[in-house]
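Chain IDs A, B, C and D follow the sequence of writing; residue 1 opens each chain.
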């Protein structure tokens, strides 16, 4: 039994369903991240757990007890708000001490605990300031302090880092992680930043339109996205997706897309869900890091023209427009095969925009030391072990997972 | 883009609407506890008298004797045979149409002025607030003098720019504008509300606006005004309710004249009730005014959703 | 606008900015001075009249400075009516009403602004509607009601209603201000274990200090100057308030102008003092709600 | 069982009530009855009321009158009658007697009058008649006032008029007014003679002087739009037009003279005024009173007429101590009390014997007012009259502003007023 269970929980505002979660179990001490784009219901979920909203139906079970009817205080949860929600008229000390005062904790005990927390968060020197007179990072720490000081059963954090600048965000991120390790309190953390989720989470819950799309460890959701949405949402740069036709030739399955064709290896075929056949069309997904690009590659899956070189310093990426190439491609179907040639034709003129129909942009890691030039012709090859196939109609993954956590 | 489960089935959705969760019940209980004093006061001291006055409006009632039922006769004669009713309604609408927007704008402008960090601003604020507590006798004497066609300051000022001022209070055309002008003298009361409202505008919003290169005017338009919109809304609603019930100035200064040009609705109602002892008829007049105001306010409430911004609005 | 131009022009722009600031400030002062002297005129006129003898009051040529200054008008004014007794009554009624109406409206407004409940919108409409019937027609029924309740000729009639809601105007005003307080603060307080009363007392009320002050001033002024309720509910002259006592200076056919003005000034002074003291809250709480960043 | 309980409770209540009332009665027999008198007189008049009350309280030991000054007396009285807590006796504008009596809000006093043989003839006729509604007496006149012409002798001299010969007729009044009018180089008025629309003089006043009246004898028709009314209004309008309405407005108020009448400052040479102004005038314009004030009967149109207003004492219906109240009324209209009040307040006693007593009539300034009582008229004792009069005022307003001819304005007002009168009469008959 988990520490926290959401069972058949639904929340409606007027007639709009904001959240509908059939089953979500969170174990004691876990760091769970609710991840999703804005408006997906993650904050509402958090507020339901906190007791700030009541579910329209369903049960919220904390430690085996249904807590629907309990107030936030009775649930003993602490929450860190996106805008910190520090009380502007109170000094930092009072901000942190308020919940202890409400609980009628003795004065010297309050004093001891506030200072302890302040020490932990390095804000002892700020105790007599007012929130307005502090930087965002400092306010953030105060907000954390307010949550920590009461030893809650659950930490709820609602995009706590979104108002900080990039650098501070990284610092606070690691501090939150350290804090969690140290305190071991079950934490539910809401964010729309997948990187934050990957770094912090024990498990990630991906939400869209109020529903859970996938739950899993960071590497699980990264490696085995259950559908296109998750696939695109997790990982940066985004996973490449290409519409492909499936063709069988000589008992092998081939994928044919814009400027690309590749033979599906046998191990992928065995992972096709239900061991059935692939549909006639699929969406092929592959992460940029799993695409190898070079001037001339052995066993290239396709070729294209570099349209953009993205320098990030540590890692560099190229954008390759497939299906835009001077050379024809070999393949079992010959020149007439594939959508590529149907629309783009051969030798399409230079200067054509990348969004031109019939071409696809493929983002790939660039491992060479030199910069790629725009207009450069390259070949690419996909890492067969890390390709994903999705059903174009439902968006669901067509492959069963490799290492599944659940 | 993709969905795992497809959408709601209506049956499910309905089951959620029935009843409230315990937390919602608790919140509702707290709500009713909070408003209890008002609820008691309203139902005990306001609702009863309101209903009684409605009953009176269907009666011939002279206060001194028990009312006698006449049905809709009062309403019928108000609408069919009472030119003064229309006069009073027109005068009041005229007054409201000008005095409310001018009053709101005036108090807001004054509040902005008095929110500046200038030396002695407290003294200035007190001075500007003074007219709204000035005893009616003193202020009416003052304004009668100010509006004096020959010696009054208003016309003297006008003559400086070559305009021959009107008779003001003694001229049926200018008496209402004169009273509107006089009403603006008391904007200090509304200013207090705006001053309080200005304290709620977070400074960082201005900083953000300055960074975005906003001019003072743009800052006002895009920061101050939206943040003050609840106060502006309040002032408009109260302004309309108040000015439809305007009474004292015309009662003290012009007694409705000249030529009934300052016969405002409530002044007329007052006369009917307390000079002619026709409380039934006056009550009918009051209920017509009530319906007008309820309609107006309802309209304002509806419109307000478009332009009033509440930082702490509740999701429902 | 000026802040955005390039570096070479920055010093010049700074100068224009300073010039503009000075200009604006001068303008502000000018407007304030002109405006306040215009508003002060009647008050000075009252002061001047209050210090004049009979002959000067009606002199065809108005003089600002009385000659001689008749200070005794003030002592006479205070003796003309039982001033100190009326002052005591007024202070009693006003302070009770202030306590009652301010606390009641603060609580009721909190309900309307921050708590969800079925019927809330409708009740708010009723609250607004309750201001729309002119008092002239409800006066008699209210009088009869109060008389039946045994409040006639009793200060209860003036005080108890203040505790029952504190007036629709004040509730509405405070509700509008509460609405501008971010809900996150209330949520945070809920998480911190505050009850709704706790949220009101610890969070919402302190953050609404300017608005509460404004409402307090309104309540004070309204009750201090209220003439009508004491008039119809009190029949013992010993129970009269100052506002009512002030009317005793005006008789049917003649008026003691100097005394009336002297008494009016003494009557208004407390209001001005209260306002002067209270209004520091209008600027003290500068941007308390600076929430973000 | 429940029945029995209810009966028991009832019995208990009744016995309690009985105990209380008997206890009260017991107390009452020992202590004097306290009765409440409401009035709205302050200043000299207020002192007068206090003097009479004090004298009454000293004169006997059974009744104590407690006088309360109530500003806005009308409203408060209405509320208290509606709330069934009226005072025992009220000093109120006699003009209101019809209003209240027709609504059964006053105690008819005929039994008391008969019992104590009070003589109606001892009072000025106009005063007494104004207390009679449908044959019953509802109030006892306490004081009265008439209107006379006050004029400034100095201005008369300056204009070459004989201060010892005030205007006798309307024509004189117009002639004098022309002579007394001064304008500056821009044509603005600096001084005027007589202004017929000032000092709250109703058209009814001029109507009477033309021999007309507002209603016919049985108060079924309004008659103010008859030839007398038209003549009166035409006269008023022509005099106003002579000055120019705009000019009059400009003259009416200035910063220095707002506190009192322009008569004090010599801007107005003649006016119609009641005796109540005398105390104010003595206070604010002592020199004028001492040296230049002339007082004469109002000039006549076809006949002489003045309005006689004033205050009466009434006992509201439902008053707790009407007998005691009557005792006070009797005292208050006794000759001594009447003289006492008149001397303090400077008004005319309603009791003729008091008014003609040298202590009162000896005042040379008051004497003309008392003399004028001979031609005194009073407004119709009919509940419709205030509303009817409001239309008469509107007619004057329209005519003075030139919106309608006097005739048309009166015709319009009569149309509205007749409806009002009919409505009241219909209702009264019911």
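The rule is short, and it goes like this: contacts are C-beta pairs under 8 Å (C-beta built on N, C-alpha and C of every residue); 3 or more make two chains touch, one makes a residue touch a chain.
Being a predicted model, the structure only gives us computed values, none of them experimental.
Undergrad: Which chain has its C-alpha centre closest to the mean of all protein C-alpha atoms shown?
TA: Central chain: B.
Undergrad: I need the chain pair with the most C-beta contacts, please.
TA: Per chain pair, the contact count peaks at B-C.
Undergrad: So, what's the distance in Å between the C-alpha centres of chain D and chain C?
TA: Taking the average C-alpha coordinate of chain C and of chain D, the gap between them is 39 Å.
Undergrad: Report the inter-chain centroid distance for chain A and chain D in whole angstrom, where each centroid is the mean of the CA atoms.
TA: Here the centre of chain D sits 91 Å away from the centre of chain A.
Undergrad: Compute the distance, rounded to whole Å, between the mean C-alpha positions of chain A and chain C.
TA: Here the centre of chain C sits 56 Å away from the centre of chain A.
Undergrad: In chain D, which residues are in touch with two or more of the other chains?
TA: Within chain D, the residues that touch at least two other chains are 75, 78, 82, 254-255, 259.
Undergrad: Taking each residue of chain B in turn, which ones touch at least two of the other chains?
TA: 20, 24, 63, 274, 316, in rising order.
Undergrad: At least two partner chains per residue is the criterion; list those residues in chain A.
TA: 51, 71
Undergrad: Check the chains against each other and report every pair that touches.
TA: A-B, A-C, B-C, B-D, C-D
Undergrad: In the complex formed with chain B, which residues of chain C make contact?
TA: Listed in rising order, the residues are 1, 3-4, 25, 28-29, 31-32, 35-36, 39-43, 45-46, 104, 107-108, 110-118, 120, 123, 125-134, 136-138, 140-142, 145, 161, 163-166, 168-169, 171-173, 176-183, 185-186, 196, 210-211, 213-214, 217-218, 221, 225, 246, 250, 260-261, 264, 267-268, 271-272, 275-276, 279-280, 282-283, 285-293.
Undergrad: Quick check on the complex: what are the chain C residues that touch chain A?
TA: 182, 184-185, 187-194, 198, 202-203, 206-207, 285, 287-293
Undergrad: Can you list the chain B residues touching chain C in their complex?
TA: Going through chain B, the ones touching chain C are 20, 24, 27-28, 30-35, 37-42, 44-46, 48-50, 52-53, 56, 63, 110, 113-116, 118, 121-135, 137-139, 142, 185, 188-189, 192-193, 195-197, 199-204, 210, 213-215, 227, 230-231, 233-234, 237-238, 241, 245, 266, 269-270, 273-274, 279, 282-283, 286-287, 289-290, 293-294, 297-298, 301, 310-314, 316.
Undergrad: Would you pull the chain B residues touching chain D in the complex into a rising list?
TA: 60, 62-65, 81, 141, 144-145, 148-151, 167, 170, 172, 257-260, 271, 274-277
Undergrad: Please output the residues of chain B touching chain A within their complex, sorted ascending.
TA: By the definition above, chain B touches chain A via 1-5, 8, 12-13, 15-17, 20-24, 26, 315-316.
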